[in-house]
Amino acid sequence: MYFHVQQLINEIEQDEPDPAAANALQEGLGGQFGEMRTMMQYLFQSINFRGPSAKPYKDLIQGIGTEEISHVELIGTTIARLLDGSPRYNGKPTDPVDKPGSGGATPLEIATHESNIHHYLVGAQGALPVDAAGNPWMGSYVYNSGNLVLDLLYNLMLESTGRLQKCRLYEMTDNKTARSTISYLIVRDQAHENAYAKALETLGVNWRTALPIPKTNAEKFPEVARLVEMGLQSKQYSFDLTNLSEAGKIFQGMSPSNDGTQLDASQQAPEGVPMTIAPERFEEFAPGADPELRALIEATAEMEMADIEATFGRM
Amino acid sequence: MYFHVQQLINEIEQDEPDPAAANALQEGLGGQFGEMRTMMQYLFQSINFRGPSAKPYKDLIQGIGTEEISHVELIGTTIARLLDGSPRYNGKPTDPVDKPGSGGATPLEIATHESNIHHYLVGAQGALPVDAAGNPWMGSYVYNSGNLVLDLLYNLMLESTGRLQKCRLYEMTDNKTARSTISYLIVRDQAHENAYAKALETLGVNWRTALPIPKTNAEKFPEVARLVEMGLQSKQYSFDLTNLSEAGKIFQGMSPSNDGTQLDASQQAPEGVPMTIAPERFEEFAPGADPELRALIEATAEMEMADIEATFGRM
Amino acid sequence: MYFHVQQLINEIEQDEPDPAAANALQEGLGGQFGEMRTMMQYLFQSINFRGPSAKPYKDLIQGIGTEEISHVELIGTTIARLLDGSPRYNGKPTDPVDKPGSGGATPLEIATHESNIHHYLVGAQGALPVDAAGNPWMGSYVYNSGNLVLDLLYNLMLESTGRLQKCRLYEMTDNKTARSTISYLIVRDQAHENAYAKALETLGVNWRTALPIPKTNAEKFPEVARLVEMGLQSKQYSFDLTNLSEAGKIFQGMSPSNDGTQLDASQQAPEGVPMTIAPERFEEFAPGADPELRALIEATAEMEMADIEATFGRM
Amino acid sequence: MYFHVQQLINEIEQDEPDPAAANALQEGLGGQFGEMRTMMQYLFQSINFRGPSAKPYKDLIQGIGTEEISHVELIGTTIARLLDGSPRYNGKPTDPVDKPGSGGATPLEIATHESNIHHYLVGAQGALPVDAAGNPWMGSYVYNSGNLVLDLLYNLMLESTGRLQKCRLYEMTDNKTARSTISYLIVRDQAHENAYAKALETLGVNWRTALPIPKTNAEKFPEVARLVEMGLQSKQYSFDLTNLSEAGKIFQGMSPSNDGTQLDASQQAPEGVPMTIAPERFEEFAPGADPELRALIEATAEMEMADIEATFGRM
Amino acid sequence: MYFHVQQLINEIEQDEPDPAAANALQEGLGGQFGEMRTMMQYLFQSINFRGPSAKPYKDLIQGIGTEEISHVELIGTTIARLLDGSPRYNGKPTDPVDKPGSGGATPLEIATHESNIHHYLVGAQGALPVDAAGNPWMGSYVYNSGNLVLDLLYNLMLESTGRLQKCRLYEMTDNKTARSTISYLIVRDQAHENAYAKALETLGVNWRTALPIPKTNAEKFPEVARLVEMGLQSKQYSFDLTNLSEAGKIFQGMSPSNDGTQLDASQQAPEGVPMTIAPERFEEFAPGADPELRALIEATAEMEMADIEATFGRM
Amino acid sequence: MYFHVQQLINEIEQDEPDPAAANALQEGLGGQFGEMRTMMQYLFQSINFRGPSAKPYKDLIQGIGTEEISHVELIGTTIARLLDGSPRYNGKPTDPVDKPGSGGATPLEIATHESNIHHYLVGAQGALPVDAAGNPWMGSYVYNSGNLVLDLLYNLMLESTGRLQKCRLYEMTDNKTARSTISYLIVRDQAHENAYAKALETLGVNWRTALPIPKTNAEKFPEVARLVEMGLQSKQYSFDLTNLSEAGKIFQGMSPSNDGTQLDASQQAPEGVPMTIAPERFEEFAPGADPELRALIEATAEMEMADIEATFGRM
């Protein structure tokens, strides 16, 4: 059973809207090696896990899988912020929907020139469950052979490929909104690489000098370096409210990435950061601009707090 | 940010393995109107939500979306249990993998006669992210127009279709393992129907006699009736650890299903039930039968509890 | 612009329900070489047609394309009839939905044993836009290169493959409902083969002895033989209400199938046969069994004829 | 059974070629909420319809479904016109195919810079059965649960989403060719919203102030306003040559869109407008530029009118 | 550039037709971890390979990739043999196509009861490019990140998963035709595991006791044991006619599978076995039963050998 | 069984990188009518071939199929060359990965502006198994009805469509690297058109003036003209090391393309040209820039030649 807090797992920096960066980031969300895939893969591996004596391995996968849901939330929100308001940003007029075409340009003209027109046409300047080339996410991405060594080996390869793609994404854009999330995920992907590599160590493999993959200087990216200094690549969170996770039996000792750090599974979860709700976009009819409708929404929202508190207790 | 507890959201009854029922249930997991779809749809609608003054609507969607992750976990586990051990159950020999073909039949012969051979060949007698006809789940299922009325209308239709399909599933099998989960989801789908219907009421629609859909006697199914008597069709859980959800501003008053109940959003979450880990299946090489490997796994699992407690605190 | 008459293009014989035959026929509806494909391919070729001086070729394609919509209607209806009531037919109990499981079997148990469970679970014992292996129809099937010779060559191959598959379907079932439609389509596919072959003759090809394809004794199938005697393989209908079609400039002279018949494009359309509406299926909740709802439907249906006539004129 | 007239359902205005607008319009043709989808969905719902006493509902769906085929024809033709000649329009040289590369640019260079290269490479500057992101249309889009209330609810949502996307398309381009078709479809989508909303009213729902969706000022778009003044949003055509449609039993009384109009189902069909055939495009080898071939085509086209008239009667 | 010899890479044993086994084997041909995938993946990795100094790694991948084409040929032929004549074998009548239905059964009745109806309806009792659940092979399966360590790691996982699935296939059927090919591929997959594992050893990994995967007793399957005794799991063929392959710089020394064998890359290719051509199947209209057509085919085939020899030289 | 030589089937000219041309060429590689499709289609047709007396037809298909593998290799390599180094070529800075963003632009910024971002993000500036619109190749493209006439007719249409698309590609770019491969494939596609047309002639068709398709002046493209003068459009290679091919029984006599040439099947294969290995790309982490890793690779590559020669013999 899952719970939610109204917080993001990491801070998203403010910067200008950037629909090209937003589209590139879609690979990290809905791509074959993106967060929707890791989330679903680990969820299925946890559900179908075999071998009661191997519980620490299940707990390791379950913990990372739970984190991936928060990564979906993080990267999805990042994409939405990069798209939000982008028609205005690119110098196009911001005519309200009622006056299309005045001044020679149209409110959503940008949509026909940017990477994925669906961001403006099917969605309302928000994230989509597709990759950076517009292909919808597919269930056939999920790998769960049931063989423990193979599942762990696949997961190691999956996290490493995710990290490789995010390093390439870092090189594609210098938008700070995009890079703050990309950098965070580079480091967390390495933590997950470490987790699966360590699990394979307990099963007989010696990685020696092979890790991390890609074996490069991602740590020279300044935002990445800052997070590495904080040791985020060597932490495993359980996200387990019942504190029953035995993942720490595996995630301990020296990092297989050979960076001299100790693996640490002692923390339940990182501190979150507040979430906000995006503004209305009239040109998208989102959430729907009718004054009468708004009055209804506000009437609902302005219900007596007394009633609410009676219902929910302290908030 | 999301958290997990090592509990299922509802009890799964014990019964014989039944791979045909397992396959039928795949529609409820990976089908176009199954739990993976509701989970992802509400997650994207929450991430991309517009209109700060409409927070109660976002909280409603977020709360249901969080519940759907637990439904994925529940129905996935149900499918895995229905498949687990089915080669033996159907009268096939249970020869260890080392002696294939002895006695004239082979350990996994069942796989070529049952609904989805992938349950035995790609997975190891576990759930898959596909529907009951074997089609992989697709990101293009997710609907998130950004227009609030449309998103709510779609969600109402989605929950109602899910409930319709589960009523049909109930009629396809009398396996108790299958029916315990089907019945629970019929009732919770109705609760979500109520939630979206109520939200649309606040925006101007009067459903009068149209709900629930399908407008039938699902409550005459005994397992469903029991849950309806407990009022589960009229409860909304927030699953919100921070108690910031304002969904109760919407989910209150008389049920739009005209069953005379009061809608109730006062509970954070239902009580969970314990989870177990499935046994090994040698004929699937899952998790992998090598004695040396097992010794390694057990060595990891038998680490000193003292060390663990030092790391994790009380467990 | 298109019009409809409430008639089927050919009679469907009565026989027992037969879900296996229904599923096989799905290839002829939603398969890569089925009627949805021919319909869409010719519609796109008509829309995108180039060359004002080549109007007879466009009219030929447009006329066949219009006929294919009626074929979709015919084969879809045939599938629906083969499925309708099949749970009862196969010896399963016909318990009303309110008493599931009594007598040991469940109302829709058949669904888990037949070819495509979606016929009972996603649809309500009706046709689906999928092929006989359950794959959804795809737009990428449509071929429209814009090059006239290539488009005609493809169309000839397409009709011939459709005819080949229907000959194989004929051999898979002896259900009369299925065979009446299969046989009709075998003959009409040959008519379309003749149309495209003749069009290629006007552009330089001499087919000599190569046609029809498959070059076999389909005419020895008794139902096919009867239709061939009526000359249906050598008729082209325009389905053009404005009588502007010039397809007869091409579809004339001796048949390229070497059967000694003259091609004849003089008839606008065949005589249709009446359509009926299928009965309710309570076990599918279709159209929805609630008495109150039925009363509403009937109230609408029983509106004063006087009112209707005032609105519509003579009916 | 279906018929065709050589007329478009609405006039397409003349304007410059505009491949970006053409690509955006593909969503309205081959997108998940486009005309191919409505056409196929209503065709399947008609074929599989259950409940003889509910014939007016079937007739309503069948009538709209028939109209959608004409919409496919209309929007497909619009896309083809927007693409036709676009290589020349954008200032690229118009070298015949025999002299590629002279002057530094190539005849189809535009293809590598525009939204969907397939418009020039797979098709010959014509419409494709794909959406605006290039995804092929899929049969899995079609919804037909068999439950009447659910099917109507889905249809209402589908038409509203189609209308929402077309409002966004209007904002993306000011090309008159594109806007004339977009505006017409906005208004007809609203008519279909009204039809399904009214049908749900007869089954118990009171929409009060919720319609139309999106609840906005589309009527302030000048082209839309003109059509609304003509009342096209409140008309239902039967397209039924046999005048047996009972859709008028439902489509009557005040509009559920609260615009003060009376719903009117008295007209069989709108007046059509003439169709034309697009010119040849040598750079696409369409229809195929060989002089010998042309002579053959023209020989066929110039057949004695006497012969034709003998065959077809008056034309 | 590639060449072909008219020989299969391994002998296929004779046994009865078995369409269920044929369908299971489709996973090994067109599945996500089947031979089409390995073939295409290694072909793309060879084409896109970077790093002139790393030529031995490219040669290793190229050599395995070339072998996989022969594996596609082998498993495809095996499937075709298992299907060929299966209508007759299963006790169905073998009426010629001209007399369908006589005796109460139809020539292809088997098709509606077996795993994939397309084997009889779309193909003519032959192999298809799909997996065992009927999903078509997809280009998105191919993994080629460009990062050498990752590509090798993926390849190791891919071969191991292929081997795991083939071990499961072995347990699903005891048909000798099926098992002779399954066993051969189990052993060759292990050879490829060894190749990629050894390549990763040169880059820093020490596999110690982790290999092979699945770490089981596949060698206790008698057919597998026989091949292992011959050392086929420790041989790498170059299939390189120019003898330029440097794969032997990697594939040498002790096997990483810890079976005590020496890796051996000294052989260019295994000895092949003769190929045969399948008989005609009249019920499938394959290759097409018309006597006139046959006469033409035979006339072509009986051309003077003198002419042929003049053209081709010695044969 | 297949073999490889380390040679390309045709020379690729040197020119500047051109990612737009690279993307266009993807249609010829992974498109519905590209080389992966012809390769797979002919491979399956060869495997499933029926009719021992029709061996020359099988040999014809097998020979062309083998050539298509080399075409996949050729066009894939061409695409890789067009992409290789393109970030630098387009005036973007070539900062090493360690200094992203310096100078205001990022190393892979080009990726977000070019046709398919996957060329830089999923691959490392290399070819992908997708078409020019980014759709992955699908097994459902493969056509193999088993009926000989139909299979040959389809193959003729397939080669002609491939040739049509390549003619359009020629018009889209004047990059010499792209055109050298496009031109070669135009001519070889015509050779294959001739092969299938001739095979159909032996079965009764007289093509008279209909060929080649497209019936145009491709021979006026200078690069094409040069190859036509060399007669490459009238040659069939067997690629058969055992010289058992009987394809020459069909591929002989006058060309059906009416160009006055004699068909010639006397040559086993064309002369190949040397292959090279692409340089490293640090910005793609390909093959992986770590100095330690490089040392290991070089150590492997610099193994004693004496050892190698002992193992492989003369190289």
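Quick notes on this one:
Each chain gets a letter, A, B, C, D, E and F, in the order it is written, and its residues are counted from 1.
The working rule: a residue touches a chain if its C-beta (ideal position, glycine included) is under 8 Å from a C-beta of that chain, and two chains touch if they have at least 3 such contacts.
Note that this is a predicted model, so its numbers are computed, not measured.
Note on D-F: across the candidates A-E, C-D or A-D, the interface recurring with over half of the contact pairs conserved by residue number is A-D.
At the interface between chain A and chain D, under half of the residue numbers involved are used by both copies, so each side presents largely different positions. Between chain D and chain E the centroid-to-centroid distance comes to 47 Å (mean Cα coordinates, whole Å).
Distance from the chain A centre to the chain B centre is 23 Å, each centre being the mean of its Cα atoms. Between the CA-based centres of chain C and chain F the separation comes to 40 Å, rounded to the whole angstrom. The residues of chain F that reach two or more other chains are 32, 122, 130, 134-136, 138, 140, 145, 147, 149-150, 164, 203-204, 209, 213-215, 284-285, 288, 292-293, listed in rising order. The complete set of chain-chain contacts reads A-B, A-D, A-E, A-F, B-C, B-D, B-E, C-D, C-E, C-F, D-F, E-F. Contacts from chain F toward chain C in the complex involve residues 32, 135, 138, 140, 145, 147, 149-150, 153-154, 156-157, 160-161, 164, 200, 203-210, 213-215. By the touch criterion stated above, chain D contacts chain F in their complex at residues 97-101, 104-109, 111-113, 116-118, 120-122, 130, 134-136, 283-285, 288-290, 292-293.
Touching chain F in their complex are the following residues of chain E: 1-9, 30, 36, 40, 43-44, 46-58, 62-63, 66, 69-70, 72-73, 76-77, 80, 122-130, 136-140, 142, 144-150, 202-204, 239-246, 248-250, 252, 265-266, 269-270, 272, 276-281, 284-288, 292-294, 296-301, 303, 308, 311-315.
In the complex of the two chains, the chain E residues touching chain B come out as 20-21, 23-24, 27, 31-32, 115, 131-135, 164-165, 167-174, 209, 213-217, 220-221.
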